[in-house]
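One chain, chain A, appears in both complexes that follow, with chain B as partner in the first and chain C in the second.
== the complex of A and B ==
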């Protein structure tokens, strides 16, 4: 971008545009990074520092807050629950979503477009609206207050994404490759395993991690549908009013980290998925 | 034994009729070329034989067995795809060996066969590359090699040499023909290239709008086209046509008289190939429009009573635009068509 504008010979305009460009990039980065940085500082400071004023701009690498967090009763269980639910969600949404995405990209069937619309429509109903009837149903079926029950709800939330992501991934793989495999002695299944799967695995991973993050960050259903087996988000929400500041920081940090790491790891596929060429 | 029989095959895509009433028998070890304009249904026919597309109606038999209900892998075929379909996640070696690995052949056999066909296709130095690192022509040769390595009863090739330069194509043409004859493979070969069709085919099937118009030996297709479409499609430049009307016992064509077929129809179409004409004292009068020297010959485009008329002449002939020449066709090379049905008489 900047290269083309400077090549035009319009130097003053180019450098002015560049200034705006650079400052908006800096601003946007600051927008994202500064809160996370403060979160980091406070997490890695002793409880006393966190509660005192003025704040330091550098972490003192004291693990007091994190230690306190780990010791806080129920916190580790909540963390475990979060991980369990997220892993279950990830597995289920791929197991259900990827075949659906494959079918959408490879087969013509009546109501295909309606089906795609319906998948998106599942996101049209606000969760609070569904949470109460869901809670009643879960209590009736004994799924209430279980990690499995909650991951079912999270899977429902994640499936539209996993279907649409895998649909676009599968569509990107020419059918001819599969057909070639069929003529070379493969069944539909073995062609899928030997040709499509290796090509699509990175994308599937990305969509799995996306499902993980959706579940990890979800708080409403978790808060309504669980009482004893709370996930980290619900647990922190519950204790938000009563817990000390350094606990909130540590909890917030623990919540943010996986999402950040995962998104960073799969950024390439997210960009590809959203049609942004980053090369 | 792999005789292919296609019986009454039709294919519709929704309301569009891509193939209709296809009947074709390809003998064991025959080299059949499908020739036709873009979009006439050549690939569709190949895909039906391969089992990648289901025919709307009709039957396909290979080696005396009806196979249209079988999966592609059980038909004893190998196919070269028009768009190559080289697997991007595998090396050239593994691409060529893919089908052999599926057959669970021992490593040593796989290696030998891969190296053999790779050498044949002149890609032995590319075996460790990925398809992303190949040129279009190299990729195409990988696709051909992959099909050859299968040593199938029937090989289906969809424009397998289209992306090669003229010299390499000529070489590959000969080698491919040789290998297939040696391995006693029945081949169906799709091409746009008439020279390729003429030089390789045992028989050529000329297709037009989803139908097979004529299936015959190259020389028959060239000399005795069964329909006006074939006459105007085959040959570069194609046949010339002029209207002919009955004049006593003879036929009058642009003022000249010719002996024609016995028929009840009063209007016919006279046809002759551009190379079967000679300047003469009397015959068809033509006005020269364009003179194109092609090295070995002179391609002269004329008009005869407003109809386009091409003549191939010796390159020493000196002609000027606007000049009027008299042309006499070689009598045994004249063909006649019924203007109503467009079929040969």
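== the complex of A and C ==
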């Protein structure tokens, strides 16, 4: 791109390419930002404004809808549960997924290909199908209605992603790098810690975000497997569908915000993966 | 100690510490009704707060509701104390899984409802809790286009179509709104309104010539129906946004429009056809699952739900009307007043032709609805030949009736054995 535009003879082509580049950047940003912005405007608008058309581009700072949720009993507990479950899911899926990904990429063992296929199978069955036997088992073992039990289910959902993401990351790092570290006095473990780990950290972050978001967004298992310890999504999402429009917007905003904040907080690890320097 | 048993012990220990915080002693009210956040909040604060034992009210979607219930039933122990759901939800369940409530000493004022609540057994499997119906509503701006000879409280289908056509012509937009969206209750319109009004039946007359006429009439109405109706599920939203001026829907799915802008909208009875003004009730009930942790508390809560004060509080909260005889206060919300008057006008009209909820279909209730939804999609959306579609769907309907052996319900004439599709 920069080469084209610095080329003397190709000025018109360069500016044309630049136009395409800039407009696709703008389009992609708008794709993400405009819906969130409208969510924000409508959250901060009175019910009359939400139902009226055309929509205003500026919020009127009416906090009625948000105030309703502030007084909605159980919100804070549900938010806390959601964060606990998502963090547990994230930790467990990385602790289990990353070693599996390393093993898949570094070692040859019998049934390796079958294993890679099987790991995807956990996503092949819809949750409404699995939820009933799971709930029966959870009630019998006492795992029922616990954040830990729910995060076990969410971990199962997140593991295929964390295994496959880390597998491709480890495969992208030449074994020679590790071998060089071994010859320079590193053990297998310290070579992993000092050489491989820094290189794959962005990938780990990516799979962590995946795990977090999968857990955050999951409704069905959460609604069936927890009662007192509901996650925010299970607590709110089912009830929002039938709620009036202004509360739908406010509820949607409340559901989206924590996940956005989390992704924002870990974004520098993610950017590093795409070759952009840490900021 | 094997690794496995160690793991089980560890997991149970963690689980135990986590559950220790769970609320003790409260009755868990597991409901598919009063789901919208505002209604759920009002149920907790205004309806259930008066119950001495404490209630944990949890409204759910149908899927998680039944999955959790089935899980507790198969595990043989559970935390759900009281169930709240529609008649159709209970009809799909095995009565064995519900505690018999005949000896509780409470029941609705309607024998029809009490009979439905027995689910084909000799005892009450659930107690009727609240009722609603489907009505019409319109934006007052549409009233100027009402045909000159039409009385809004005694409309016919032809007048309704003429009215919708007038609005269409005057505004350039099709402004009749019909809840044909994925979550819309369109099948109830066909089962309880269109068919009874044109054929004086639902099952027997499914593929009759009168039914062809009914669908032709509905197709004429569809020409003046907002084409986005296939996305509409709660007509209060389109009333408020102005996308639809004349609509049909469940009373509680119209309530917000009346409560937010009471002066802008009017509620009125469903239209009448050649065989009267067909309409249908909605019935919700409360029941106790066999696995309820504290059956005495649960029974006390069921009795509490049927008390007149609770019933009035429930009406204010959910827009579902009482099932017991109560003196209604004067200060009810606008939505309740509007819906109450429309239902009274509908059931009190000279040509009223009340239908009943489908009964005896068990878990085939969804398939039964599917027959009507499929017919709608093929005839109205797909433009297929009405006679051919009805003859085709008729075999599916007949199979459902024969499999379940469900006898006819009003307005179909009574049958010996399974209701025949004639």
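Observations, loosely collected:
Please note the rule applied: the second predicted complex is superposed on the first by the 194 of 279 C-alpha atoms of A that agree within 3 Å, B and C clash if a C-alpha of one lies under 4 Å from a C-alpha of the other, contacts with A are read in each partner's own complex, and residues count from 1 in each chain.
Here is the rule we go by: contacts are C-beta pairs under 8 Å (C-beta built on N, C-alpha and C of every residue); 3 or more make two chains touch, one makes a residue touch a chain.
This is a predicted model, so every value here is computed, not measured.
Of the two partner chains, neither chain B nor chain C is touched by A:79. Once the two complexes are laid over each other on the shared chain, residue contacts for A:135 go to chain C alone; chain B is not touched.
Shared-chain residue A:185: touches chain B; no touch with chain C. Taking chain B and chain C in turn and counting the residues of chain A each one touches, the greater count comes from C. Look at A:104: by the touch rule set out above, it reaches neither chain B nor chain C. In the superposition on chain A, A:174 makes contact with chain B only, while chain C stays out of contact range. For the contact definition in use here, the chain B contact set and the chain C contact set of chain A share no residue.
Listed in rising order, the residues of chain A touching chain C in the complex are 47-48, 51-53, 68-69, 71-73, 128, 131-132, 135-136, 139-149, 219-220, 223-224, 227-229, 234, 236, 238-245, 247, 251.
Within the complex formed with chain A, the residues of chain B that make contact are 50-52, 71-73, 77-79, 81, 83, 85, 87-89, 98-99, 102-103, 146, 150. By the touch criterion stated above, chain C contacts chain A in their complex at residues 8, 11-12, 14-16, 18-19, 21-23, 28, 35-38, 40-41, 44, 56, 58-61, 63-64, 67-68, 70-72, 74-75, 77-79, 183, 234, 236-237, 240-242, 256, 260. Partner chain B is touched in their complex by these residues of chain A: 174, 176-177, 179-187, 190, 194-195, 198-199.
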